[in-house]
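The next part holds the structures, each set out as C-alpha cells.
Next come two complexes, and both contain subunit A; in the first it sits with subunit B, in the second with subunit C.
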Partner chain A sequence: MDSYILQKEKLNNFLDSLKEYEIWAPVQKDATTLFEVIRDFQNISLDLNHQPIISKSAVFPQTEPLFTFDNDAAIKETSPKEEKDTIVFGIRPCDARSFKLLDPVFEGDFPDPYYLTRRNKTALIGIACNEPFPNCFCTSIDGNPFSKEGLDLLFTSLNDSFYIEVITDKGKTIIDKASSHLTQAKAEDTKEKEQLAKASEGKIKRQINLDGIKEKLAAIFEHAIWDKFSSKCIGCGICTYSCPTCYCFDMQDESSARKGRRVRTWDSCMFAEYTLHASGHNPRPTRTERLRNRIYHKFKFNIDNFGVPSCVGCGRCIALCPVNVDLIEILSTIKEAE
Partner chain B sequence: MNIQKLKDEAKRAIGRKEVTHLIGYQKGSYGFRISPIFIETKEELDRLTFSPLCSLSLVNYLTIEGKPAQVQSEEEKKSKAKKVAIFVRGCDSRALNQIIAEKGLSRESLYIIGIPCKGVIDLKKIEAQFPNVVDPAEVVEENGKYIITINDQTHEVPKEELIADTCKVCQYPTPLTYNKLLGDKLEGNPANYDDIQKLEEKTPEEKWSFWQNQLDRCIRCYACKNSCPLCYCDGCILDKLTPQWVRRSVDTNENLMFHVTRAFHLAGRCVSCGECERVCPVGIPLMKLNRKMEKDVKELFDFEAGKDPEVKPLLNTFNIEDPDDFVL
Partner chain C sequence: MKNPYVPEIAKIIDVRDEALGVRPIKTFKVSFQNGHDFNHRPGQCAIIGLLGTGESMISIASSPTKNGYLEFSVMKLGKVTSALHACETGDTISIRGPYGNGFPIDDWKGKNIVTIGGGIGQAPLRPILQYILDNREDYGKLDIIYGARTTNDLCFKEELFELEKRDDVNVHLSIDMKEEGWTRFVGFVPTNLLEVKPPPDNTIAITCGPVVMIKFVIKNLLALGFSDQQIFTTMENRMKCGIGKCGRCNVGHLYVCKDGPVFSYATLKDLPEF
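Up next, the complex of A and B:
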C-alpha cells in the first residue's frame, strides 16, 4: 500500500483530524511512560528512548465491569457495543504483534464480547523502534523493530518528519481523514526508512535461538534450575502485568448492602492467591512452581495450543524485574540444561 | 569496599558448621543490574560482589513465602541450630532489628556481615544517563564521584547525580547489628524531612490532587509489598476474601485503600530502606508516605524503628505520657 510523509510539527493537526476516535498514546509520568487515553495532544510522549508500558489496557482493561445488580431491578449488563472507535497511537511493533497472540485466546471456545468488540473497534498506529532497548529480543521470536504485523499504520521517525506506511484498510480510513496534512513519500524517504530499519535490527544485542524449546521444556519439568531461578523471585506481578501477551484475569463480585457489580480484573500467575483453592490447598504452593508455570505457559503450552510462543521479545519483564529475574537468561539455561 | 575482604569473610562464614547458606550480591545478567545470590559451597564464593549498584535489600529473602522459618524454639537455640549468613547495609540491619524485636526472626538464627554503606545508586537514574548498556558495567565510588566503566571506557559522574534519594537522607549508614563489620564506621546524615514538610504545608485539596495523580497509575503488582523487608506476615490482609478489605478493582479509591493500609501497617516499623519506591514499575513516590509516618512517629513518640532489637515495637507499647490530642 501507500506511503506518506507527515512533518513532525503537523502531528497535532494530524491527530486533530481524528477527533472522533478515542486516542490512546504514551504519556510520560516522571520516569515512567504509560499508555493512557489522551485529552491533550501536548502530553503525548513519542520519545524513542523511553519504552512505554502496558498498551494492552486499551483493549483489555485492568478493571472491566461486566454487569451491575441491585436489590430491586434485574441484572444490567454493561454493553461493550457502546465503545467508541479507538486508536492506539505510538504502539511499538512488538506490542502490536502481541494482540495477534491475545486474539485466539479471546476468540476461542467462548468468544469474549468485551475484548472482541473493543478489539474490532481499535486501530493500531505503530512507531518503529529506531533505537532498540537493552533487553529487546524480538528478532529471536519472529519479530523485528520495524515489524508491521498486527498494525494498521506504521510511523517511522525520520529527521523532521514521520514516514507513514499504510498496512490495512482500517489504516487507509484513518489516512483518508487526515490526508490534508500528508504528502506522498518519495523514493529517498523510503530508502532512508529502510536504512533505519536495517540499522535498528543490527543494534539488537540480546538474542536466543528458541528452536526445540518446547521439547526441551517437556524433558526438564523436575529440574534444579527452577529452584535456582525462583529463589530470587519476590512473587510480585510486574512481569505479568507489564507483559503485552499475558491475559489472565479473575472475576469478582463487589457489592454493598443494596447493589453491586461483577468485575473482571487482571490476575497474575506469580501471586500465591492465583491457584489457591477454596479448601486451602494450593497446587502451586511456592515460587518455584509459579515461575516454572509462567515459562511453561509461554514457551510450551502456548505452542501446544496455538503453535507459537506467548512472547514477543519486548524485554519488559526483564527491564522491570526488581531482582533481575531474566527471561533470556532462563531460556538460555533451559536450552543448555541436561 | 575491598571485594577480597568481603569474599574472605564470606568464606569464613560458610565455613562455620552452623551456617547453612549465605545471602549476598552478585553481578546481574546485564548492564548495571545486580542479582541476589544464595551460596552454599565455597566454589560459588567468587561470584560475590558489592558496589554502589547493590541497591536491593536482601533481608526479604529471610522471610519470603510467608514462612519465617528461622524462628527457633528455646531448645533449638541451645543446640546451636542452623544459621543463615547475610550481608546487610545500615538500613537492612535496622530491618533485622525491627523483625527481631517483633519476634519474626531470632537473632541466634542469623550470622550478620555488616557493610558500612556510603549510599547506593538509583538504577533508574544511571540507566537514563547511560541507556542501552548490555555488557556488564563496573561502578566504584571515589572522592564523591562514581567511576563507571562500560566496555573499557570510564566515565566520572558526581555522586549527587546518581545516588538514590533515600540514601541522601540516610541517618544510619553503618549497620547497627552485626557479627562482623567490613570496614570503618561511617557518619550518618542529620535527620532531614524538608520534602515531607513541603507536602504537609499543602492544602487538603492539593494533597488529594497530588496523591490522586500518583496513585491513579498504580497497577497493583504488589512489588512494593513483596519487596518490603517488614512485610512478612504469613497471609496478608490484602489477599483476604472474607471480608475483602481491599477490592481487586484498580481505581483511585481501591488504590488509595491499598497504599494507606500499607503505610499504616508500617507505622513505627518502616526503616527507610526505600525498597518499595525502588521497585515500583510506575514510579510512585512511596517513600513520601512512609517518611510522613516516620516523622510523625518520631515527633509524637520519640521513636525510631529498628534501632535496638531489645526495645519493644512502638505499637505494642502504651505509655500514660503518650500524646493523645489527636484522639477524637
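Up next, the complex of A and C:
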C-alpha cells in the first residue's frame, strides 16, 4: 500500500483530525513510560530511547468490570459496554505482534466478548524501533524492529518527519481522515527508512537460537537449572505484568450489602495464590515450579496449543527484573543442558 | 456473542449433610428458575457461586438422566464453599457451565465398569453410577469401590447402603480404621481394590479421590492387568474462568477446566507435573 510523509511539527494536527477515536499513546511518568488515554497531545512521549510498557491494557485492561448485580441476586449490565473506535498510537512492532498471540486465547470455543469487542474496534499505529533496547531479541523470534505484523500503520521517525506506511484497510481509513496533513513519500524517503531498518536490525545485540526448544524442554522438566534460576527470583511478578503476551487473569467480587460487581484483573503465575487450592495443596508450591511453568508455558505449552512460542522478544522481563533473572540466559542454558 | 462469564441463577431445593466434622460436606440440589436446560454429560463440572462472594468449580454429582435438577457435593474449605455451606433451601446460587469433557460414557457401552472413589472423590463418579443404573442393559458388570477415613466421612451413605441390596451392582465400601459395628472392609481404598480384584477384561476403571490415593489406585490397577487406556481419572485444580483462558489450572499444556477434568491414564502419564 501507500507511503506518506508527516512533518513532525504537524503530528498534533494529524492526531486532531482523529478526534472521533479514543487515542492511547505512551506517556512518560518519572522513569516509566506507560500507555494511557490521551486528553492532551503534549503528553505523548515518542522518545525512542524509552521503552514504553503495557500497551496491552488498551484492549485487555488491568482491571475491568464484567457485570454488576444487586442484593436480590439479579445480574445487570451483562454485555461489554459500547466501546469507541480506538487507536493505540506509538505501539512498538513487538507489541503489535503480541496481539496476534493473545487473539487465539480470547477466541476459541468460548469467545471472550470483552476482549474481542475492544480488539475489533482498535487500530494499531506502530512506531518502528530505530534504536533497539539492550535486551531486545525480537529477531530471534520471527520479529523485527520494523515488523508490520499486526499493525495498521507503521510510523518511522526520520529527521524532521515521520514516514508512514499503510498496512491494512483500517489504516487506510485513518489516513483518509488525516490526509490534508500528509504528502506522498518520495523514493529518497523510502530509501532512508530502509537504511534505518537495516541499521536497527544490526544494532540488536542479544540473540538466541530457539530451534528445538520445545523438544529440549520436554526432556528437562526435572533438572537442577530450575532451582538455580529461581533461587534469586523474588516472585514480584513484574515479568508477567510487563509481558505483552501474558494474559492470565483473576475474577473477584466487589460488593457492599446492597449491590456489587464482578471484576476481572490481571493475575500472575509467579504468585503462590495463583494455583493454591482451598485445601492448602499447591501444585506449584515454590518459585522453582512457578518459574519453570512460566518458561514452559511460553516455549513449550503455547507451541503445543497454538504452534508458536508466547514471546515476542521484547526483553522487558529482563530489563525490569529487579534481581536480573535473564530469560535469554535461561533459554541458552536450556539449549545446552544435558 | 454469548457472554461466557455471566451465570444463570438457580434455586436450592434441598440441602443434605454428607459428612460432618472439621471438613463437612453438603450436597445441594438445585433447579434453574427459568427452565434453563443444562444438558450436561456425566463427569462435567460447573462453576457455582454466590454473587458478592465468588465462584468455585464443582463437579456435577448427578446424572443427566435425573431430570429437572442438578446436585453438587461441596466440602467446606475456602471462602466460596463456606458461604455455600451457610445456604439453605430456597436460597439462590449462580451457575455457569457445564464445563469440561466429561466421561466418554457412550464409548463404554457393553463394558464392565468399576469406579474407585475416596472421600469427596465419589461425587464426580456418582453420575456414572446413576447413568448406568438408568441404562442398565447397556452396560456389563458394575462394581463400586468406595472408602473414606471414617463412617462420618462416607458420602452418599444411605444410597450406597441401598445399592448393596441390589443384585445388579456390587458395592465394596471401606473405612481407613476400625470402628465398632463396621463389618465391611477396613483399610485404604487401593488395598480394597486389590481385595476386590476386578478382572481387566472388557472393563473400564474410573478413579477419583486424593492425589496420593489416585496414584496408588493406578499402580494397583496396572498390577491387576489394566492397560493405560482402560484407566480414567478426573482432576481438579484452582480455577477462575472455567473456559481455558485465565491460565491457572493447566497440567502441562492441557487445561483441567477445558481439556479435562477427565483424563485417561494414557494421556496423563505423559504430562509433566502428574
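Here, the second predicted complex is superposed on the first by the 333 of 338 C-alpha atoms of A that agree within 3 Å, B and C clash if a C-alpha of one lies under 4 Å from a C-alpha of the other, contacts with A are read in each partner's own complex, and residues count from 1 in each chain.
The rule we apply is simple: contacts are C-beta pairs under 8 Å (C-beta built on N, C-alpha and C of every residue); 3 or more make two chains touch, one makes a residue touch a chain.
Please read all numbers here as calculations on a predicted model, not as lab measurements.
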{"item": "Clash or fit (per the criteria above) of subunit B with subunit C on subunit A", "value": "fit"}
{"item": "Which of subunit B and subunit C A:62 touches, first, second, both or neither", "value": "first"}
{"item": "Partner chain in contact with A:113 - subunit B first, subunit C second, else both or neither", "value": "second"}
{"item": "First, second, both or neither for A:200, with subunit B first and subunit C second", "value": "neither"}
{"item": "First, second, both or neither for A:30, with subunit B first and subunit C second", "value": "first"}
{"item": "Contacts of A:234 with subunit B and subunit C, given as first, second, both or neither", "value": "first"}
{"item": "Touching partner for A:135 - first (subunit B), second (subunit C), both, neither", "value": "first"}
{"item": "Once both complexes are placed on the shared chain, angle at subunit A toward subunit B and subunit C, C-alpha, multiple of 10 degrees", "value": "90"}
{"item": "Partner chain(s) touched by A:322 [first = subunit B, second = subunit C, both, neither]", "value": "first"}
{"item": "Subunit B versus subunit C as contact partner of A:54, first or second or both or neither", "value": "first"}
{"item": "A:156 touches, of subunit B and subunit C: first, second, both or neither?", "value": "neither"}
{"item": "Minimum C-alpha spacing, chains overlaid - subunit B and subunit C, in Å", "value": "6"}
{"item": "Intersection of the subunit A residues that touch subunit B with those that touch subunit C", "value": "250, 252"}
{"item": "Footprint of subunit C on subunit A - complex, ascending", "value": "66-67, 69, 73-75, 78-80, 105-106, 108-113, 116-117, 221, 247-253, 255, 260, 262, 264, 267, 269, 274-279, 281, 283, 289, 293, 296-297, 300-302, 304-305"}
{"item": "Subunit B residues within the subunit A interface of the complex", "value": "28-31, 33-36, 38, 56, 60-61, 64-66, 124, 128, 131-134, 217, 219-223, 225-227, 239, 244, 247-251, 278-279, 281-283"}
{"item": "Subunit A residues touching subunit B - in the complex, by the definition given at the top", "value": "29-32, 34, 49, 53-54, 62-63, 131-135, 203, 205-206, 231-232, 234-238, 241-242, 250, 252, 254, 263, 265-266, 268, 271-273, 286-287, 318, 320, 322-324, 326, 328-329"}
{"item": "Touch list for subunit C against partner subunit A, complex", "value": "1-7, 9, 51-56, 77-79, 81, 92, 94, 211, 236-238, 240-241, 243-248, 250-253, 258, 272-273"}
